[in-house]
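Two complexes, one shared chain (chain A), two partners (chain B, chain C).
And then the complex of A and B:
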């Protein structure tokens, strides 16, 4: 009897999983058509020219220019035009000329690929998460209704896919040919590799991300923690680090044309780290460093970069060592807020990972506020940009105000999620009930 | 960090407060916003205008312009000359005069392919002369422009301004101190000629492709720093009115406005803003009312986003510009001749000539309750935000309520309907382009197409079953709030009018079980449909204009006028890039439809309550 029941359950699950796959395919098709429709309209160039979409690091115009200079045997790194690595340029060129033959197609396929990889990764992660909480008796009475249900994995993975494909931020990034969309593909490959326990894939993808946009380098820590905690394998963790370093070296060797030409370092990592290009973007660096007296510049560059990279890395890694996936998402969030040249695709990518924490939402406090601030700041940003640059009537302060609100919304969001996670962990052990001797107790962080 | 890590921050007292008192909070926020804004007109709450840009040095030099006799002579000659031409500029005479004076004189041809009727084409010709600055290398320029009006024009004549323009050119060409080129421009066909000239000068096209063919300029000067547009209706001037409202609600830098005023005072020319000058009152209420009426007068022209003079087209190119309109009737009993007007022009140009950087010091966002008082963005924006905040507070309360009820919501369905509504808006927006594909006069086709689409869209909510109207309401409220803030940023007058009208209605809309209330809110909501509002405004306007006619006739007039208003706004958006039509169709109408959907929501009154 019990055997029969379990097979039936499995059948049901298989059917529902099939229908989810169908749903996923349908979503992907709609997303592809939507992207293609907008890309071929007159809005493409308008979107692509917006600073929110194309930063010096992610502008497709610069890539085409650099690629052209390469083909004429001129070193594009002599000027300060190109901020992508030689490997990335080569990759785009090969992809464009030999695989896709159409820019629109290339960006759409990579974007859909990101979506699919996230979908598959999250499906497995959510399934494991649900399995982990399967034995309901282990947990207190009053958290039962918050525990993930049977179809948790199916639901969450579809949400993530939808969240990525129809998220206005990633949509705009893709339509605007932001190369960050392609970087995000490798980032999703990294998450995919991490969750499926593939050392080679994850460390390779991470090495690619790290060489292109530097900041993901810190993700090596959650990766190794993931292998230690989820796969109980120290060898995998060590292997991941070794592999990562090897790939980094190999890619750098290629980039430097086998040790002959290191001029790209100044233009890629120099640009990311010392922020010479102060073209406004949605980040926090440009305004600060335009206003800065030059002799303080170095000090603040160090403090800003430390803030982005290692300031939160160690404490968060210690606190969330048991949930390395949460740690990864938190770090991705912090990178996208504090990096030197953020664009909309960055936020789009991390926002699409939020449905993974659907079980934490009841504990979140600022969800609505964050949503409102994000909506208002994202719609005010282009308006104020227009007033500043085209109408010449507003000024930089207006735009900076908006980017500040935008950053604040994200900070609220990530803090809220992390705090909800600690609450969740607490309530799994002790229950939701916080009564102490019949009186309401208060949870506090100490 | 208490705000972020306080465990009871979100769902604690604040939420309860919001849930219990959100209705009152919304009303309070709205009222505070409106009262705040209205009280800004009182001189206690706004400030005196002042010069921010030191380089201007207004009125520091002695005026030396003396060519008023010459101006009168030009005026007589010009009057005779215009009789020889039907509708075009007397360009041969103008070119000859410019050359005689010693300017580089050119003509500029432009063509307009009517956006509404592909078979119609208009031609125009501008004339301009450039005075090359002796002290700089043509890197910067100032513009003195006049719209030419043929005798058959319905607008009052501007011939005296051409006369004084020529006389000023004659005077200026001999002076050694010019560091910026001066362009003397005479435009054809009112704003069309100006737009074409500006587009040609900057080599861009602002409206739709192939509508206004701006042609080429044979001679250019440098980057234009400031422009003065002259519209003098007589050689004896009673008062000068300064007009500033530009395209899409842009305003010139307040320094330029102050400059013009200051020079007028110095030369003893009586000047006004909105035909009102300074007035003194003992009673604070009458004082406030006087200023508030002035403020409203500015806001009504400002809100339309249609320039009230040729200056309004300069602003989008980052050129500060204003119009000086001179009327013959006097406000104080005395009139001035062309001598004083010439000296006003001299003063403004010599001050602008001193500029080291482009105008940037003073305000670009302001409202004027009088010519010497201003309300800055820092004062009016909080009021606008307070009004918009009422919507967001309501949305927030609705959201928390939804969270408490803990029901499953089909968000995706709501989002799909929400997006669909915006597609309807996008379709309405592209109607003119679609209509253009059919090759005939489409002005009435557009209007009736528009009306029919809008009426059909009213039926959309009827197909909604099992729909979570609550979530739709939250989305609609948030969208309206965001839109109002963005609108107020761009054009505070339009934003304010929209807020004051739409926010109370949006606050009333709720999902009820009361049938009567449901119908009432539907009725109220139809009343504030953008087209209903347009119709009401136009009807009132035509009733005021033709108040001796019967109601039927007035209504008929109003319908025709409404149709014309819509067609004009479509044409404006295609020729000048005016975004009013785009904003209304792409944002306001879809948002209106979203709320309209919500009014169809009903709480099913629980049957068998006592079982």
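And then the complex of A and C:
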């Protein structure tokens, strides 16, 4: 009887998995058409010109300038328009000339690739998560209804795919030819490699991300924790670190033209770390360092960069060592909030990972506030930008206010998720009931 | 003993007479009524110093200004060209000036090819010139200096012309005023005591539509055979008076300079005044007093007539009285002229467009030099050169140096062949940058200046051309001086862009707000990572009650404890 049931279950699962794959393909096709339609419309250049989409680090115009200068035998790193590595420029050039022959196509394919990789990765992760909570008897009675259901993996993976493909932030980034979209492809490849336990893929993808935008370098810690905790393999963790360092060195050797020319270092990492270009973006750095007193500049640059990179790395890694995926997402969130030149693609990417935490949503308290702030600030940003830059009837403070709201919304979101995670861990042990001696109690951090 | 003294005196006198013979100084004034409602007055002071630049030191000069001699020796300078200009020369209606100059301050120098550190010397040079001429040359540094490859070739005799020894900078915002003219006059042998320089009355000069002071130093051949070198210094003042400001078309020294000329400079070997009579055919005028001589000059296909005055050692005032019957004349613009403007709206993206007109019937080769300040980052891939609105022109040579924020300007040099009778537009796009709040000038919304573009060409004919040939240093030398080509270096307009500004009153607020947001993340994350989640009884008591309890706890408990302790004791 039970055997029959289980085979039936498996069959149902197979059918549903097939239907999810079909659904995923359908979503991808629609997303591709949508992207192509907007890209070929007149809105493409308008979107690409927005500072929220094209930061100095992610602007396609600068990449075009860089490869044009390379083609004229002028070293673009003599100037400071280009902040991409030589490898990245070469990569775009090869992709454009030999593979795609069309900029639109290149960005669409990479964006869809990101979506698919995330979909596959999350499918596996969610399935394992569900398997982990399969033995329902282990958990208290009142938590049962919150535990992941049979079709958890199917549902979550589709949500993540939808969340990435139809998320206005990543959509705008892709349409605006933000090179962060291609960077995100490698970031998703990293997540994919991490979840599938591939040391080479994950460490390679991470090394690429780290050489391009520096900040992902901290993700090596969650990667090795993931291998230790989920794959119970210390060798994998060590190998991942060794591989990562090797790839970093190899890529740097290529970038420096085999040790001959290190001029890119100042333009790429110097720009990311010391923030010389104060063009507004959705981050916290630009106005802060525009208005900074010169003799305090270095102090605050150090403190802001430490805040972005290592300040939260160790405590979070210790606290969430048993859930390395949560740790990874939390760090990705913090990077996208506090990096020096964030753009909408960063936000879109991390937001699309949220459906992984559907089970935490009941414990989240600030979903509404965050949603409202994000909607309002996203719609106000271009309006206030126009008022400041084009009609000169507003000033920089207005736009600064919007970017503050952006950061606050994301901070509320990430702290809320992490707090919900601690509550979840608690409730798995002690149940949802918060009564002490028949009186209502509260959960608090002390 | 006495004999030795006499001999010494004799030798000394002899050597000083040599020195007098070695230096020559000429002063000239050219007055030319321009096509439109202006009159152009150009003062040309040329000093030649027959010194061997290699072997002699520059400490003993006679007519040559010693501060300049010392500077060029100390800083190893081959050639030096400076101009300080207010107003814009209108090439289209005024033709070509004797000396081209960009609005604001402009400086370019060639260093000798054995100079070790050109950049240090350049910085020293600009600093000493800022003291010498009371101009803001001290703002010349790496962030506005370029070394153009084609535009500024040496004007004199040089051993090598490798552009690593050339530096060029312009300060378009520089305002030229009396304080620059006074030190300039002190460089002349007679200063402003007598001779033509006494006409340089700052009260009148700065009322003109265009005024330019320039200094050109170079090495020339001392003899025909060119076996000896000499230093040559050309100091010039160009003025364009507007009839509308003067109130009448009749001009005289009194009207132009405030007073007449009180004799020549006794140290000058030649003092002349020339009046261009070519415009007499369109509107006749009569000169008083009668000129000493009339010179006919045929140069590069252009016939000209000049009235010549030799300045006597006593008072002279030249004036012109126009006849009443006014003939109208059609302006024939010169073969090559140009203008420059900004495109785009808002403060995000813009473009620089340079329009070059070729009115000549044949194609012209030109070199366009753009020295674009670092706060105007241009994108080379957006460079478009279109002639007559449809014909795309490929530059023969393109030199580009990308700029760097706060360090290096964008340098663009394009060699082009302009099609005959054409209008060529050269456009390039740029982004507006956002500066640190302390980098904005006090009047931040006044805008930032972008220097003029320089278009150099060798014209095949000397139409509307008054420039001096390369082998001459005086206006006299330009008469009947037909050459293969006539060098023009057209300067376009300066441009002003207003960069987007931050709110200057906000630094504390911004620092507080941004740090608050960072703290918003730090607080909860600190709590989550360092604290344990525990279940606690809900505190149902009201806030006031809680505060009261705390208060009671703090103060009364202590008392109780104390009294208990006392009891125990």
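Note that in this section the second predicted complex is superposed on the first by the 446 of 446 C-alpha atoms of A that agree within 3 Å, B and C clash if a C-alpha of one lies under 4 Å from a C-alpha of the other, contacts with A are read in each partner's own complex, and residues count from 1 in each chain.
Please note the rule applied: contacts are C-beta pairs under 8 Å (C-beta built on N, C-alpha and C of every residue); 3 or more make two chains touch, one makes a residue touch a chain.
Computed from a predicted structure; not experimentally measured.
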Chain B versus chain C as contact partner of A:423, first or second or both or neither: both
Contacts of A:19 with chain B and chain C, given as first, second, both or neither: neither
Chain B versus chain C as contact partner of A:78, first or second or both or neither: second
Broader residue contact with chain A after superposition on the shared chain, chain B or chain C: C
Partner chain in contact with A:366 - chain B first, chain C second, else both or neither: first
Touched partner set for A:322, first chain B, second chain C, both or neither: neither
Touched partner set for A:41, first chain B, second chain C, both or neither: neither
Which of chain B and chain C A:408 touches, first, second, both or neither: second
Touched partner set for A:312, first chain B, second chain C, both or neither: second
Contacts of A:390 with chain B and chain C, given as first, second, both or neither: both
Residues of chain A that lie at the interface with chain B and also at the interface with chain C: 390, 392, 395, 411, 415, 419, 423, 442-445
Residues of chain C touching chain A in the complex: 345-349, 377, 379-381, 398, 400-406, 408, 410, 431, 433-438, 500-503, 506-507, 510-511, 513-514, 517-518, 520-522, 524-538
Contact set on chain A toward chain C in their complex: 49, 61, 64-65, 68-69, 72, 74, 76, 78-81, 276-280, 284, 286-294, 300, 304, 307, 311-312, 315-316, 318-319, 334, 337-338, 388-390, 392, 395-397, 400, 404, 407-408, 411, 414-415, 418-419, 422-423, 425-426, 430, 434, 436-437, 439-446
Complex contacts: residues of chain A adjacent to chain B: 162, 364-366, 368-369, 372, 375-376, 379-380, 383-384, 387, 390-395, 411-412, 415-416, 419, 423, 442-445
Touching residues (chain side chain B, partner chain A) in the complex: 4-5, 7-11, 250-251, 315-316, 318, 358, 360, 364-365, 392, 395-396, 399-400, 412, 478, 481-483, 485-486, 489-490
